[in-house]
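Listed next: structures, encoded as structure tokens.
In the two complexes below, chain A is the common chain; its partner is chain B in one and chain C in the other.
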Partner chain A sequence: MARRRSFLLGVTALCVAALLPQRTAAQASVQILNVSYDPTRELYRDVNQRFAQRWRAASKQQVAIRMSHGGSGKQARAVIDGLPADVVTLALAYDIDEIASRAKLLPANWQTRLPNNSAPYYSTIVLLVRKGNPKNIRDWNDLIRPDVKVITPNPKTSGGARWNYLAAWGYAQRKYGSPAKAREFMTRLFRNVPVLDSGARGATTTFAQRGQGDVLIAWENEAFLATNELGRGKFEIVAPSISILAEPPVAVVDRVVDRRGTRQVAEAYLKYLYTGEAQDIIARHYYRPRNPQVAARYAARFPRMQLLSIDRHFGGWGRAQAMHFNDGGLFDQIFEAAKR
Partner chain B sequence: MAHPRHLSEPRLLQLLLIGIALAYLGLMIFLPLGAVLVQALQDGSGAWVAAVTEPDALAAVRLTLLVASIAVPLNLVFGVAASWAISKYEFRGKTLLVTLIELPFSVSPVVSGLVFVLLFGAQGWFGEWLASRDIEIIFAVPGLVLATVFVTFPFVARQLIPLMTMQGREEEEAALSLGASGWQTFWRVTLPNIRFGVLYGVLLCNARAMGEFGAVSVVSGHIRGETNTMPLQVEVLYNEYNFVAAFAVASLLAGLALVTLLLKSFLEWRHGDELAARH
Partner chain C sequence: MLKVRSSRPVLPGFRLSLGITLFWLSVIVLVPLSAVFAKSATGGWDGFVAAALSERALASYRLTFGAALLGAAINCVFGLIVAWVLVRYDFPGKRALGAAVDLPFALPTAVAGIALTTLYADTGLLGRPLAALGLPVAYQPAGVVLALTFIGLPFVVRTVEPVLAEVAHETEEAATTLGATRLQTMARVIFPTLLPALATGFALAFARGAGEYGSVIFIAGNMPFRSEIAPLLIVTQLEEYDFAGAASIAVVMLLVSVAMLLVLNMLQHWQRRKG
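Right after this comes the complex of A and B.
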């Protein structure tokens, strides 16, 4: 009995020893954590690899960039709750504002610290339809036709969905002239939405993989990814007449980098995003680059569209959030009315 | 001895019942399992091997086994102690203890995860204290273990309480009156009596510990190669449109569950006589 017991103990100890993560090798280098939103996985995989090479050449130090992806709002919440992000690269400024105001991890003026409102790339919202565009969808007003099923995620949980919603709202307000008419338009649009996924990725999967709906409202980069990688020739992108300028911003999280002593590498990492090399990677991953030369090189890829600005046309994220997406706000009222 | 005909169900009804059971099993269990395997092997076995030996996938496997190897022994000790107390002694608040043990079954796993964020998160009760001492719980291995322990702790106790209550205290009392010490009584009398229940509880506990998604998802932080357990890694891969890899890891997870089941069957087969003799 005693022998058997010590044997069991030995086996257990061996198992535990084998299972413990091997950390010693990693400690010689520096690690930073980039907390990002869903669709940037492929982008940052390439960016991180190149940046690590550049950093090693410049400072003789190994850098490992760890990634965490999820819905933008959820990720912000995790950082507020203590996820030790050295940098955040989220879907919208509002989510980083929340980190600044609720957890005081970075100053309120964080967005002025880097060029272009701290957004090294931008994107917009487009419509993705099935091959041959069988429902003949050309613009936003086709989405309220009773024969069209629209896939878009839930604006309560998804940053991308908020951009989708505001793009449609901006179109309606310009086209029909009044907020009341825009509200009517949005109600008819959401009547055509059979399912609200919680994130942009989920919505893309619902549309592309599970074959639901006639049109997906999506990030331009998501739409490109779906047409080029999920099924070549199965989908087409339709650029609406009006859309929105979506600026996914980036920021160093001061309290974290100062505690971990990683400020230098974290700041270099974000600055690297503005270099010609990174801008090229960015354009290849279907985000619109800021650098004029790179933008000119990829001009054929990105259709010219009239893009509304969140600051100029919606009074900034604070106002847009309070008016449309807070509990009892316009989205809740529209969604309630659409269900009836 | 032949069963009297008139006491048995009509042949047709028997066949119908068996048919329904098999069809249901096939539709609800074998078909999905098969689909996982088909998807996983869609691009051949090379792609499967590549997917499960990729560093992030290996890290997920290691993390899952690590978490289970801490959570299961903890719950084993707790489960045996709690069911011992409940089945062998009378004390005030016993019913309350039984109810509390079952609490994790009735609480949604998401809430179970959030409880720990509320306690140990940066904005939580102990957040400041932990941060000032550089102790990481949430979004690190300790948080994953805590959430898993919380979700799986009823399994062993739930198996043992009815068994030990049924067995009563006579055998232990006999051993003690014959001069055995407390430990001797436990190792030689109590444990052999309940070992099958313990084993079954541990296996169930282990299966759930490896497969838990909700609670673990809340406290994970989803750092690739670091705090993603296997179920979380499956979701990550699926969201990357990497369906083959997602289902490869899923099939590995299903494989671990099958190993658990086979282990149970093997022990039943090897020690079936012993176990039967004791009842």
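Right after this comes the complex of A and C.
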């Protein structure tokens, strides 16, 4: 009995010790949490490793960067609900806007605090087809042919899918000239969608692993990942004539870093993303770098396309969200029409 | 020694245990559920109707509850057979088979969903011949029924099994000696004894299926109006920060489930009184 009691005491003491903040080590080491979106796992694994080395050399402090990945909207909601993110690196500005407006964790003008709209890299949306392009898909208008099946995730749940949708919409509006025609185009496109996954990774799996559909609308980096790693020589990337300038932004979450005393390292971490070294890592992971020298070095890798901007062509995320993706918005109407 | 022990109450006092029960149920069940109701009210009556009774939501209820009912019904038939075999016969590998029945309990539902999708997609081992016959399963409403049948199986087997084991051989023998045919013994003696357990298993499998999310989203296709389940619609509303809308759909699901369980309980009660 006594032995058992002392054992229990020991376990309790261990638990308490584990929960207590380690004050003695606080100066020598620091931990921050980066809450990110789905496909950046591989990117930040490399970035974090290099940044930790640089930070240790510069400040004699160990930094451990913990990661959390998931659908961009879901991640934003977790931060709003209290997940203590020191930095957020999400798929679209709208999700960080929501954190700013709903939970007031950072100022509304957060996007002006870092260069390039706080997006250290950009990307775009491309079409991924099966080897040899058997359905001869060259551009967006091939996606509405009745013999083509299109895989894209649900824009209501996936940040990447919102970019997909807006890229197709932007193409249709330019090509056919009116919003009514664009809407008809989108209705026909979604009539060709047999499966609606909730996230970008899920859609990639449905297309690549389950063999569903003839074309996957995807992040450029996901498409590269699929062609180079999921199935070498099984897929081809088709660059459409028009696509969208996707700027996944990053931000320090002020209220969290001030509470935890991590502002210095968190700000350094995001600034590091703009350095030549980080830009090179970014380009190696198939995201388009901002740094001109790095961009020139990797120019051959990324096809040239006309890229529409969310701010200039869609009136910013607030408007695009309200018009297309909110309840009863154009996406819902398109689905109402597509089902008939 | 023995006497002293048996005079001590085995369980702690009634008041203490009732207190713990009420506290525990409140913290774990009642408070979260009332929060759901409170949240659904924040959108007002119009907001509630718009979110919970939209055409799309209605389609998702039809699929969710229809598939859960169908899955539970299928499980009643095959679960009964499985339970029968496990109780009444001895054969090599019986223990392994018994353990396999519990797998849907233990397996993370996402794993089940991915495995079923891989098998039943039109490129999969079982999906290919089925699709060739014009019966696609994955990414169709049929896929939802399949997933719910999978996760509901142990509920039926494990509730029917002990009751079936209890049915005394003597009762059957008595029926036989009184001149009942084997079919009559089945239908008039064994089946009525099993019915309450079967109904409980059905109710459990149904309730579990109606709330299932993890395995279904992989195989359903998730197309609005066609293969979108109500729990997915709730998650979608949450992604849009429409907490009131999500809670409204949750309330409807809750009410339907409670109503279904109530009806089943009443049926059982009625059955017992008749018996």
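Keep in mind that, in the parts below, the second predicted complex is superposed on the first by the 312 of 340 C-alpha atoms of A that agree within 3 Å, B and C clash if a C-alpha of one lies under 4 Å from a C-alpha of the other, contacts with A are read in each partner's own complex, and residues count from 1 in each chain.
Convention: contacts are C-beta pairs under 8 Å (C-beta built on N, C-alpha and C of every residue); 3 or more make two chains touch, one makes a residue touch a chain.
Keep in mind that what you see is a predicted model, and the values were worked out from it rather than measured.
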Quiz item: After superposition on the shared chain, which partner residues are touched by A:E98: those of chain B (first), chain C (second), both, or neither?
Solution: second
Quiz prompt | Touching partner for A:D81 - first (chain B), second (chain C), both, neither | solution = first
Practice problem: Check the residue A:G71 against both partner chains and state whether it touches chain B (first), chain C (second), both, or neither. | Solution: second
Practice problem: Check whether A:N154 is in contact with chain B, with chain C, with both or with neither, and answer first, second, both or neither. | Solution: second
Exercise. Please work out whether A:M323 is in contact with chain B alone, chain C alone, both, or neither, and reply first, second, both or neither.
Key: neither
Quiz item: After lining up the shared chain so the two structures overlap, which partner does A:A295 touch, if you call chain B first and chain C second: first, second, both or neither?
Solution: neither
Exercise. For A:R201, decide between first (touching chain B), second (touching chain C), both and neither.
Key: first
Quiz item: Taking the contacts chain A makes with chain B in one complex and with chain C in the other, which residues are shared?
Solution: 80, 102, 202, 209
Exercise. Using the touch definition up top, name the residues of chain A that touch chain B in the complex.
Key: 1, 12, 15-16, 19-21, 33, 38, 41-42, 66-70, 78, 80-84, 102-103, 201-202, 205, 209, 225, 229-230
Self-check item: In the complex, chain B residues that touch chain A
Solution: 59, 62-63, 65-66, 69, 73, 117, 120-124, 127, 131, 136, 138-139, 141, 187, 221-226, 236, 238-241
Self-check item: In the complex, chain C residues that touch chain A
Solution: 51, 55-56, 117-118, 121-124, 138-139, 217-218, 221-226, 228, 232, 235-236, 238-242, 245
Quiz prompt | chain C-facing residues of chain A, complex | solution = 71, 73-74, 77, 80, 98, 102, 154, 156-157, 193-198, 202, 209-212, 325-327, 332, 335-336, 339
